[in-house]
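A quick write-up on the structure given underneath.
All chains are identified by letter, namely A, B, C, D, E, F, G, H, I, J, K, L, M and N, in their written order; residue positions are counted from 1 within each chain.
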Amino acid sequence: MDNMTIIAIVSIFTAGITIAIGVIGPALGEGRAVATALTSLAQQPDAAATITRTLFVGLAMIESTAIYCFVVSMILIFANPFWNHVISLTTGK
Amino acid sequence: MDNMTIIAIVSIFTAGITIAIGVIGPALGEGRAVATALTSLAQQPDAAATITRTLFVGLAMIESTAIYCFVVSMILIFANPFWNHVISLTTGK
Amino acid sequence: MDNMTIIAIVSIFTAGITIAIGVIGPALGEGRAVATALTSLAQQPDAAATITRTLFVGLAMIESTAIYCFVVSMILIFANPFWNHVISLTTGK
Amino acid sequence: MDNMTIIAIVSIFTAGITIAIGVIGPALGEGRAVATALTSLAQQPDAAATITRTLFVGLAMIESTAIYCFVVSMILIFANPFWNHVISLTTGK
Amino acid sequence: MDNMTIIAIVSIFTAGITIAIGVIGPALGEGRAVATALTSLAQQPDAAATITRTLFVGLAMIESTAIYCFVVSMILIFANPFWNHVISLTTGK
Amino acid sequence: MDNMTIIAIVSIFTAGITIAIGVIGPALGEGRAVATALTSLAQQPDAAATITRTLFVGLAMIESTAIYCFVVSMILIFANPFWNHVISLTTGK
Amino acid sequence: MDNMTIIAIVSIFTAGITIAIGVIGPALGEGRAVATALTSLAQQPDAAATITRTLFVGLAMIESTAIYCFVVSMILIFANPFWNHVISLTTGK
Amino acid sequence: MDNMTIIAIVSIFTAGITIAIGVIGPALGEGRAVATALTSLAQQPDAAATITRTLFVGLAMIESTAIYCFVVSMILIFANPFWNHVISLTTGK
Amino acid sequence: MDNMTIIAIVSIFTAGITIAIGVIGPALGEGRAVATALTSLAQQPDAAATITRTLFVGLAMIESTAIYCFVVSMILIFANPFWNHVISLTTGK
Amino acid sequence: MDNMTIIAIVSIFTAGITIAIGVIGPALGEGRAVATALTSLAQQPDAAATITRTLFVGLAMIESTAIYCFVVSMILIFANPFWNHVISLTTGK
Amino acid sequence: MDNMTIIAIVSIFTAGITIAIGVIGPALGEGRAVATALTSLAQQPDAAATITRTLFVGLAMIESTAIYCFVVSMILIFANPFWNHVISLTTGK
Amino acid sequence: MDNMTIIAIVSIFTAGITIAIGVIGPALGEGRAVATALTSLAQQPDAAATITRTLFVGLAMIESTAIYCFVVSMILIFANPFWNHVISLTTGK
Amino acid sequence: MDNMTIIAIVSIFTAGITIAIGVIGPALGEGRAVATALTSLAQQPDAAATITRTLFVGLAMIESTAIYCFVVSMILIFANPFWNHVISLTTGK
Amino acid sequence: MDNMTIIAIVSIFTAGITIAIGVIGPALGEGRAVATALTSLAQQPDAAATITRTLFVGLAMIESTAIYCFVVSMILIFANPFWNHVISLTTGK
């Protein structure tokens, strides 16, 4: 049962660390993008449509990098192929 | 019972660290967004509606990255599949 | 009793570290938001109502990330499911 | 008695580190807020009432994050549930 | 079975760390690019077409570096040649 | 006597580190506040009364975070409940 | 089989770390280049052709450094001469 | 005699580190305050009295945080209650 | 065979780390150079020929430092004299 | 004699580290103060007397923090109470 | 053969790290120099000859520091006196 | 003879590290002071006498912190009281 | 032969690290000096002679610090007195 | 012979690290000083004599801190009192 435990703890730890570190960059990047959007809106209210559209495309792009991390984190917790392999071994299935 | 303990401590530690580190980026990013919103409001009070709306959409987007961390942290404490597996093994269920 | 002790020390340590690290980001973010609010008030005293309202919504949003950490920290000290499980095992309940 | 000692030293160490690290962010954030308040006062002395009021609300908000750390630190020293549990075990109460 | 476990935990840990660290740079870079795009749009709304096109080519280029990391991370989880080799050895295939 | 020694050294080390690290933030924050106060005084000598009063309230607020650390540090040296408990055990009182 | 395992885990870990760290620089550099390109386009729309051409040559140059890392990472996973040597030894080929 | 030695070396090390780290913040903060004082004096020589007075109050406040560290450092070297306790034990007093 | 393995893993690890770290500097440096080239082009389109030529010479110079790292990395993987020596020893050639 | 040696090496190491780290802050702070003094002198040569006097008071204040470190460092080398205690024990005095 | 292996791995590792770290400074320095050259060319196209000449002399000077590292790295791989000494010992020459 | 060796190596290592780290702050501080002196001279050549005099007093003050480190470093190499004590013990003097 | 090997690996590692770290400062410093030289040339082409002469004297001064490191690195590889002493011992000369 | 070897490796390592770290500060400081000298020359060519003289005095002052490190480094390699003591012991002189 030892192997199972080790894989479990590494999966838990990596899942947490991945999302924790992976979120720093996107959050700062989005903060910067939103901040400039607001400055631009205040400076040129007439271009609100273009600015907002470009902002949302950009945010989606940046959010995608955070979602990569969330996906990897969820895979490690709920669909971990290594864990599944070990479980199938120990249960003799 | 050793395995159970190890999984428990790793879950506890990871849950805390995940939310602690994961909150730095969003908090700074939101601080920046709110700060620019206030500057923009002072500069162009007439565009308050557009600015506020864009700000809230942006804050929601950034807050979402903090919530990813909070979700992972809560999963590790209250719905940890590895812990459940080990408990079910030891209780013979 | 060893297992119990290990879980206790990890809970103590994580509870402290979580709130300590988790507070850095929000405190800096709020400091920045408040600072800009004051600059904006000085620059455009007429918009005080809008600025103050936006500031408080923003502060609440940022404070929420600090509260996530505080919640996790309190859960680890006073409502720790892993600790409860171990206690219930040792007391034979 | 070993378990008791380990819990004691972890509590001591965590209590100190929590308040030490947790104070950095609030202190810098408050420093920034106060600094901008002074600039704003010098720039717009007529808005002193609004600025001062907003400053104090903001400082209270930021100070609250430092107080979270102080609360956790005090709990770990004077109302530590893990320590109490261990003491009650060793004294046979 | 020991070898298998070691390879598994290293793969899990590396997969998480790779995407977590690898996302910081692209997210910040994209945040900067989007931010400047918004400033430029506010400053020169007439050049919106050229700016938007250049922005998207640039974002794609930056996103490509994040995708390198995601590809490596996915390879390590689902198409790991070292893991496959070890599995084929242990199952005697 | 070993337990006593370990608690002693951890208390000594934590007491020192707590005040050493905990002082960095407040000192920098106060330096910033004082610096801006001087700039503001030079810029608007007529508002000296308001500026000075706000400065002192702000400094007191920031100093309070340094005092939290000093209090914890003094508690650990002179009123350490864990140390007292251990001493009372060894002296048989 | 031990040697094989060690080489495998070092290859896995290095492949991930190489691309993860190696991507930070290029992503930030490209973000900066794209950002300035957008500023320049907004400032001098007439020079769009020259600016875009220079930007793409520059991006290709910077991307090349990221590709060095990707190449090394792929070589370590799929064409690792050390791994091949060890495999050929153990299989007796 | 071992316990005595351990407490001695921890006291020595902590005393040095406490003052060394604790001095960084105050020195930088004071440097900043003095620097702005000089700028302000050059800009508004007529307000020299107010500026100098505010500067000295501020410097005293910042210096106080350095003195906290010096006090703890001196206590650890010359009035260390843990050391005194151990000495009184070994000398049988 | 142990010596061979150790040399192999050190070569693998060093090859990856060398190119990963070695690429940070050049990528940032090139990003800066390209960025300024674009600013200069927008500011002085008439000097495009001189600017482009100087840019390419500069980029080549900076790229050369990245290539040093790539060369060392490739030597360590494919033309490693230490590895060749050890192989020739073990194969008895 | 072992205890003596350990105390000696910790004293040596701490003495060096204390002054080395403790000097960074004051040196940077003084550099900043002197730099601003020179700018102020160039800007307002008539206020040379006030500026120079304030500068020297400020430098003395900052230097005092460096001297705290030097004092602790010298105490640890030449008037170390722990070392004296141990020596007096070993020489039987 | 052990000594030989240890020297080999230290040489490999040091060769890689030397060029990897040693390249950061020069690459950033050259990037800065090239960037300013381009700004200067755009600002003063008439001085192109002097600027270009000074730039190339400066780049050569900076590149020389990178070449020091490359030389040491190559010496460690291909003309390592310590390795040669050990080889000559083991081969009995 | 072991004690002697340990004290020797700690003295050597500390002597080197002390001066190496201790020189960073003063060198940067002096660089800043000299740089501003030159700017001030270019801006106000008539005040050269006052500026130069203040610069030299300031440089002497900053240099003094570097000299503290050099003094400690020299004491540790040539007038180390701990080393002398140990030598006098081993030579039986 | 063990002593010889240890001295060899420490010499190799130190030689590489010395030049690698020692080159960062000079490269950045020279990059800054060259960059300002180019700006100055563009701003004041008539003073080219004085600027170039001062630049070269300055570069020589900065390069000298890199050469200190190169000299120490070369001494450690080719004229290492400790290595020579050990070799002369083992060869019985 | 063991003691001798340990002292040798510590001396080698410290000598290299001392000059490597000790050179960072002076090189950056001198780079800054030279850079400002060039700016000042371009701005005020008439004050060339005063600027150059002050620059050289300043550079000599900064270089002196690098020379402290070089001196300590050379002492550790060629005039190491601890090494000499150990050699004189082993050779029976």
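To be clear about the criterion, a residue touches a chain if its C-beta (ideal position, glycine included) is under 8 Å from a C-beta of that chain, and two chains touch if they have at least 3 such contacts.
Listed by chain with UniProt protein names: A, B, C, D, E, F, G, H, I, J, K, L, M, N = ATP synthase subunit c.
From a predicted model like this one, the values you see are computed outputs, not experimental measurements.
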Kindly list the shared contact partners of chain C and chain F, in label order. D
Taking each chain's mean CA coordinate, chain A and chain E are separated, in whole Å, by 11
Whole-Å distance, C-alpha centre of chain C to that of chain H, is 30
Taking each chain's centre as the mean of its CA atoms, how far is chain D from chain M in angstrom? 47
Mark out which residues of chain G touch at least two other chains, giving numbers and ranges. 11, 13, 15, 17, 19-21, 24-26, 28-33, 35-37, 39, 41, 43, 55, 59, 66, 69, 73
Drawing the touching chains as a network, do you get a line, a ring, a star, a complete graph or other? ring
Neighbour-by-neighbour ring order, given that chain M leads and chain N comes next: M, N, L, J, H, F, D, C, B, A, E, G, I, K
Using the touch definition from the top, list the residues of chain G that touch chain E in their complex. 1-2, 4-5, 8-9, 11-13, 15-17, 19-21, 23-39, 41-43, 45, 48, 52, 55-56, 59, 63, 66, 69-70, 73, 77-78, 83, 87
Contacting residues of chain M [partner chain N, same complex]: 3, 6-7, 10-11, 13-15, 17-22, 24-26, 28-33, 35-37, 39-41, 43-44, 46-47, 50-51, 54-55, 57-59, 61-62, 64-66, 68-69, 72-73, 75-76, 80-82, 85-86, 89
